[in-house]
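Here come two complexes built around subunit A, the first alongside subunit B, the second alongside subunit C.
On to the complex of A and B.
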């Protein structure tokens, strides 16, 4: 008995068929994802392989598209805030901030000073937790199973801390239009101050065990060159741009909130390889700790939300505004257009992950499959943010 | 009725005992691996099934046996199901010449080492068949890696073993152990430190353990050569891998660490103790290091391990001749 196989099954879907048109001889078309351990969720990459080497690569997006931009057009300004916690689940507070900042700029709302500091503290703690998770998951991509457990142990403490003011552990909706949702009490601030030296003590251990490991260095050094020119062409921001040697950071370049009162460095490494991007993120954890420490010391007493903050039936003045913050993955921009109604006329979300991922196709050409995994991990993708 | 030759009875009993030993050790080793992994990762490891999770491997084995055997569309059925068997069967004869103690050697063979190394080579064939037969591109890539890696690392492995054979002048594991003394400084690892390190490195690579687990590199190839296997198909590969770890560490114990000998009463317990120390080191590697890249792996073998092992062999030969 012979079984017939559905011809569509062999031919592949539209993306594969289109990709196959430029196929060379003696190469293999390989679908990496959407169900693959190292594509972090549902990214799909179609690869043309010559043995272990990659001839061409093409990311296929859209498996996690949730229409956030369209959703904004039917929701009230206040009601759209929880969506922002779900765009990038690893650094939701940057998205919170970009959206709140854009609407505040549109309506000319002044945020109380205490609220600005609370925003800085919460966002930086969130950045640390995002980088920690990236660190663990990246090492998992490179075949080391243990670091992610250590990263999660530290991240757990951060989530406990952030749970007190925000009420959530992952998809925070902490910010309000004109301030923040809840104050950080004495106990919370004390926990934060305890956490800073705790993590400072742990980081050298990670450096000894992981960063200085010869296998890791051989895997990352000289792999996946993304220079400044390439970053400009694709619009890459964040650790990728800083890993290319350009110390560009929205927190200082287009400074917002109270960042210009706080003393911190923008780490950048000129090597342009995966190791440089790795080092940028590790150094950023240290810098974020510095910011948090100063912000907790500088935090003034006062209101956390303006009087008469927008309610669900609030109408924004007609016009448009753009606000960008520095997320863990790069420049998080939100552009709001209002026609004077209860919900935005149009919202555009600029996801850094989307621009950063577009470098992958070029950077992975001619590399080994294992290198492609290392490059993909070094981009630090969060698929829901890329697809939005 | 013809009398059954005594030798045949001997072999049958020995193989039955070896099968029991392999099965039991597989279970124990799974538990040890998961416990060590747990403690390395700051968690307790298996805890619920039995005291301290001791029965967890049994529960896992029961689960694997109970699963549906699934053959993917378009696969070569014969090759697909032959592969796990080819992977597991050679493990049995490899244990026959293993000298647990002078009285506890299943079969005294004067070329025991050759027997073990010959059957160890069959494992690569199994991985190759598995990757080829499953009609899966990841499987195929995994099989390609397995062949390149297995063939490359077999050579320095053989050469480092040969150095010890030169010293003893025998290929019998029992004789090699007998030639070593009771104390740690009388064992071969003192005389052949380079060979010991080379052998252990190649052994880790031969058994496809991290950091050399490229044929099944899960973050690159999903599961490599056994991507399509479920239930006991996967179970047999799994058991074969653990059994081969035991063989590699057992041979290392016999060749370099004095086998059953040790301070105080000599016996099988010394052999098992040394065996498990080596196994825990192997497990420790896996949970500490990232995976190497394919070209780095082969570079390490052809550019460093192979010349070193040849040099070691030549020096050994020269010293013996003098």
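On to the complex of A and C.
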């Protein structure tokens, strides 16, 4: 009996078939991912290679699509909050805030002042932990194993701090519609204040260990140009845009909560390369520490949740609202449409990673494959957020 | 001149590597920050606030019976649908009670049926579905559920993840275990991760 081979199987799957060869001859089509360690999850990039140079790159998404937007349509307003902790597992509190903010804007709920400060403190601490993990993992991509150990040592303290009020170490669901879930007591605030000088002392060590390292500089400087024009075309936000020299930050440009009362800078570097994006994130850790320090000093006494906060059977008024916050990766937006029922009519999640990834295809053209890894890492991708 | 410049540049580059090695060397000589799990465990203060699996809070009168009044608030508010509360059935009236009821009916009085006890017959919690969001705890009118700080729960059997919390509470009460929070077994040897760091 002869064995029949499915001709489609030889030709590859849908994406490989549609990925046509370019004008040049003798190019090689190569799949990077979905199980490639430098793609941080399940991103797949189909590459057209000319020797070691990339002619074309095309990211293929959807391996981690979990229908978060659709799930919102069958859940109560309160019941959708745990989902927000799981969209972007590295900076879940920004998503918590975007969703809570959108529903609060829709229903006209005023958040107590203490809760606003608690939100700021928790979100900024979470931003630091996100940047620290990115820092370690990015250098792991580039071939340096040690830094992730240092990053995790500090991150562990942050997770211990955030565990007490939020109840989790990774997928936080801390915010409530109209406030936060739990208060931070004296001990917790003191822990945070102790952590700020600790990390400030650690950052110069990281500069010595990694940032000034000649190997890192040679690998990152001048690699992966993403200028302001390209950022505008694809809608890139966050450290990528600031790494292109435009100091744009949702926290100040479309200020929300109490950020306008806090004194902090928006770091931006005009070099447009991977090193600029690296520097932006390192500077952002310092700025976040500044914000945390001020917020802890300014925090007033009072309620943490409004009286009569929405219960699971709460009905939102009909209408629609959009709220955007600054996540670790860029602008996190949630758009809520309500028809007056118990669950949202439609929710749109604007993930910064999705727009940021779009730049990769263009920026990686003509670079070495090893540089493509450096560019991909400098975008700081979180695949669950991109696929949602 | 150019050759001299590049020479100094190379020296400076090399120096950056040496500085990095100094940092690594210092960390190598520093104290250990990790906890050797099976031999050491994180102490209760390191677990404070952590949400492990859920448990029922016993009533003041009887440690084997939960405070729960089977109002279903938790089961209906749970976004993950991981709770199933089974109410108790009305008890069958004994013959004497039946007699008394029949007499009362003959007298034309309103007959009072026997009411079921409020505490649940079963309280099934699906650990595999729970998203640890605290919604049920916040919505419980009597404060009958709480999260344990049990980080050591692990199993290879999927059926173990379906817990009957009423049974669990009764077992705990029978064995005379302290109810507020489960402590790790090797509590004597505990060392906190933080104090070590």
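The rule is simple: the second predicted complex is superposed on the first by the 373 of 388 C-alpha atoms of A that agree within 3 Å, B and C clash if a C-alpha of one lies under 4 Å from a C-alpha of the other, contacts with A are read in each partner's own complex, and residues count from 1 in each chain.
Heads up, the rule we're going with is that a residue touches a chain if its C-beta (ideal position, glycine included) is under 8 Å from a C-beta of that chain, and two chains touch if they have at least 3 such contacts.
All figures in this text were calculated on a predicted structure; none of them were measured in a lab.
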Contacts of A:57 with subunit B and subunit C, given as first, second, both or neither: neither
Subunit B versus subunit C as contact partner of A:370, first or second or both or neither: first
Touched partner set for A:142, first subunit B, second subunit C, both or neither: first
Partner chain(s) touched by A:82 [first = subunit B, second = subunit C, both, neither]: second
Partner chain in contact with A:208 - subunit B first, subunit C second, else both or neither: second
First, second, both or neither for A:219, with subunit B first and subunit C second: first
Touching partner for A:150 - first (subunit B), second (subunit C), both, neither: both
Residues of subunit A that lie at the interface with subunit B and also at the interface with subunit C: 146, 150, 153, 209, 213, 215
Subunit B to subunit A touching residues, read off their complex: 37, 40-43, 73-74, 137-138, 140-141, 144-145, 210-211, 213, 217-222, 286-296
Residues of subunit A touching subunit C in the complex: 75-76, 78-83, 85-86, 146, 150, 153, 156-157, 160, 163-169, 171, 173, 181-182, 205, 208-210, 212-215, 311-313
Subunit B contact footprint on subunit A (complex, rising order): 3, 5, 9, 28, 30, 36-38, 49, 51-52, 139-146, 149-150, 153, 209, 213, 215-216, 218-219, 368-371, 373
Subunit C residues touching subunit A - in the complex, by the definition given at the top: 12-14, 16-17, 19-20, 22-24, 27, 33, 46, 48-51, 76-80, 131-135, 138-139, 147, 193-194, 197
